[in-house]
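By letter and in written order, the chains are A, B and C; residue numbering begins at 1 in each of them.
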Amino acid sequence: MTSSRDAILGRLRNSLGRDIDGEDAHGEPSARLDKHPRGIIPARVNRDRGRQKELFVEMAAAVATTVDRVETADFVPGAVGDFLARHNLGADIRMAPDDRLSEIDWSKRPTLAITSGPSAGNDEVSVTAAFAAIAETGTLLLHSGPSSPTTLNFLPENHIVVLRASQIVGAYEDAWDQLRAAGKMPRAVNLITGPSRTGDIEQTIMLGAHGPRRLHIILVEDD
Amino acid sequence: MKATTREFKDNARAALADVGLQTALEKMETGFVVNRANAAAKLPEFEALRDQGRDIKNHTLENLDFYLEAFEAKVQEAGGHVHWAATSEEARNIILDICRSVDAKTVTKGKSMIAEEIGLNDFLEENGIAPIETDLGEYIIQLRNEPPSHIIAPAIHVSKSEVADAFHEAHTELDPGRNLDEPQALLDEARAMLRQKYIDADVGITGANYLIAETGSSVIVTNEGNGDLTQTLPKIHIAVASLEKVVPTLEDATALLRLLARSATGQEFSSYTTFSTGPRRSQDPDGPEQYHVVLLDNGRANLLGTEVRDVMRCIRCGACMNHCPVYSSVGGHAYGWVYPGPIGSVLTPTLIGVEEARHLPNASTFCGRCESVCPMRIPLPKLMRHYREKAFEEKLSPVTERAGLGLWAFFARRPSLYRWSTGLIISVLGVLGRRRGRFRSLPFTKGWTQYRDLPAPRGQSFQQQWAARSGRRTLGT
Amino acid sequence: MPETRPEVALFVTCLVDLFRPVVGFAAVDLLERSGCRVTVPAAQTCCGQPAFNSGDRGNAKAIAAQVIEAFEGFDYVVVPSGSCGGMLAKHYPELFEDNLEMKDRAYDFAARTHELISFLVDVRGMSAVDATFDGHVTYHDSCSGLRELEVKEQPRKMLAQVADLQLTELPGAELCCGFGGTFCVKYPDISNNMVGDKTADIKKTGADLVLAGDLGCLMNMAGKLKRDGSPVQARHIVEILAGMTDEPAIGEGQTE
């Protein structure tokens, strides 16, 4: 009995008018996988780094992400504390076990009650680091790994992301190159563009559907 | 899902009389349509991206066997499993077996049109497993026990008071006197109700917007984040996708992503675009322990060899239905099967048969607005016409229609006879209609005069008058 | 150097021929004013759309071949309808993809074929019309002309030249009126909903007259307006451009 796999591939090759093996027909697609050529990239990202940063901030704001710009990482704990106060939130934060976060001196804001690890669903606020940010649409790229639990990006109602200006790239393709350079594809790569939203009730846009109601970026201007 | 496509006319009549539905549909023109136009206008490269998107999909389809095998190898390399399903039944059974392997009681679901196509929810329920839809719109229609009426806005036909009714009925553990007048209150309640369900589910099932051959990733695009919770929290993540969802590389997926949200909702980018590759890694603090992809054929491999192949470029953005005057008249349920609107009018006869779905490709004015906005430049009117031809060849259209057409063509192919006979008819009608200039009814014109007056001919045809004028040159008389 | 007068063959369209001859005469008049010599080949009936869109490819091909034959040898084929123009210029070549000899003829024919208003503006460079119309009008973009032949600015350019005419843009001007050839009689309920939306939009403009470039759409809109007892009238745009407005508007009776 032929498996469905063989049957489906057989039908595909029949429809495509290919020999059953047809290996030699695949030079072009094979090269495409190896070389992953870039297509059209919107001209809006062709600008110097400084203006790319401004584009990122502008695009992020357009999707209701809030951005707090600080000069150095030393100001991050204060910025987190301010965010909590602004929204009348408690002092508990769930943080990703990420070196880029743990090397920050959190004792500057001693009132913060920090725990580390993935979320089980009871956290009001998470703090994570970003892998990259894409100016084109104000998008953050976060990925799973030992130091970056995916649950922190989705379960808490408030998601704070610490981003360094040097991590901002122009287009998605620039981020893919960095991701490839960093090793094999992580289990989860999350492109996050603003807080969770829905238009499913009478086409009215509302924030905070299932993911975070607020997405807050603390942008460390290390450039 | 049982098709009611044969009853399209009755469905349409009921939909037109449904005041609530009509109110909901009216909002599309000021919402989706305007938003898409703005998003397209903001990106100077948009039209070029459409060409590129079409080309990427065409290239992929031309090499679909290669890319699917490459995808499979990469999934396996990442520790995941790929299951090939020739039919809906096979896909359902594969999913059931995976669920049973962990003795699953509840399954959370991200929005998936393929799950609708294979009738997954009913099947899981019949087998003692409770499927829980997590997309807000899907959750609403699941409570109302009805299918989606739009591929990206499944509950577009439901008013907020109807949502409130459904919530009052379903969430009996909450205070019956609570106020659910505002959409925000409804959203908050749904969020609260679903939270624990995500965590308790044994299996999470999502669809896939793309499968990436280069990396073995399945990609989902959502605004709510429900898909991410669905695929991150349970022990098992199953992505169910049809064959044509595969694209070669991250760059190719990106090129299509630049079109998807802009065409669908008019956003520059959706809130969450997630690439899933295999199960949780050894050092990962969270994520599913098993990762499965179910690849559904259901007739698509054969379709690839036909004139309708272009439809396989579809990225399910919904722009065609958002811009369709027929869809916005009757809504999605009237179409009677999973896929409504212009794309449904092509996919449905493809997937359930030309006879069963005969009405759908006919119920179009060929106004062409769908093709003009399709990000993949699918020639939807042309493909609908193809199915009209199929129905004509197979003599599936009504006898009266065929006879009328045959009679008309007999005359149209004989110019002299045509001139003489039409001249006779309009001279009679011209006399009858001269005073009012129009008819309220005539024999054989009910289709027209039921709702509109018929302007009367002027008595003499242009050709007759032209020929009568001296000094004018005519040919062939 | 005096320009030679191009030979134009007018494809009248069946609806104009039978229901509204004045549109044909207005078309001839405008073409002649733009410096063309106009012929009306007698061996024309219909463009074949009813067959083509009903899936009857055999009859569609036979009619297309007959039209191509009848219009051989002219510099241009001009059509006072975007819908029939689209059929001739876009779909005839499709019909003969599998017939080498006819395919070439169909492409040649298609390349010579133009919708009337766009022909006057784009090909003949007509920029002024000697017409006056003291009235408030709105304009509906018929689907095929708009989307298959890109007729959008040309009629507006021409209307802007008409003395005393006031144009109010129609909201949703690019939305289908619900005619769709046989669609309107096969699916009358849906068609009625569409034309009802259209006439509601027309009434909102406050115009006394709706114009369009396609008689099918015009008969549909006029028929609905009259059934609703609306005083808004309908005419083909060429009637205004050629100053041929003595004829009662579409569906209106002879004034005593």
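The rule is short, and it goes like this: contacts are C-beta pairs under 8 Å (C-beta built on N, C-alpha and C of every residue); 3 or more make two chains touch, one makes a residue touch a chain.
Every value quoted in this text rests on a predicted model; they were computed, and no experiment measured them.
Under the stated contact rule, the graph of chain-to-chain touches is a line, running from one end chain to the other without closing. Nearest to the common centre of all protein CA atoms is the CA centroid of chain B. As a whole-number value, the distance joining the C-alpha centres of subunit A and subunit B reads 29 Å.
Here the CA centre of subunit A is 53 Å from the CA centre of subunit C. Computed centre separation for the pair subunit B/subunit C is 32 angstrom, with centres defined by C-alpha atoms.
Chain contacts: subunit B has no residue touching two or more partner chains. Those residues of subunit B whose C-beta lies close enough to touch subunit C in the complex are 9, 12-13, 16, 29, 325-326, 329-330, 362-369, 371-372, 382, 385, 387-393, 397, 401, 405-406, 408-409, 411-413, 415, 418-419, 422, 426, 434-438, 440, 445-448, 450-458, 460-463, 465-467, 472-477.
Of all the residues in subunit B, the ones that touch subunit A in their complex are 24, 27-28, 31-32, 43-45, 48-49, 52, 56, 59, 62-70, 78, 84-86, 90, 134-137, 140, 153-156, 158-160, 163, 183-184, 186-187, 191, 194-196, 198-199, 213-217, 223-226, 228-229, 232-233, 243, 248-252, 254-255, 257-258, 265, 267-281, 283-287, 295, 297, 301-306. Within the complex, the subunit A residues that touch subunit B are 3-5, 7-9, 11-18, 22, 25-26, 28-30, 32-33, 36-40, 42-44, 59, 62-63, 97, 117-118, 120-121, 137, 139, 144-146, 149-151, 153-155, 172-173, 176, 184-204, 206, 208-212.
Those residues of subunit C lying in contact with subunit B across their complex are 12, 14, 16-25, 39-46, 48, 50-57, 59, 62-63, 66, 70, 94, 143-144, 147-148, 172, 174-176, 178-181, 183-195, 219-220, 222-224, 226-227, 247-248, 250-254.
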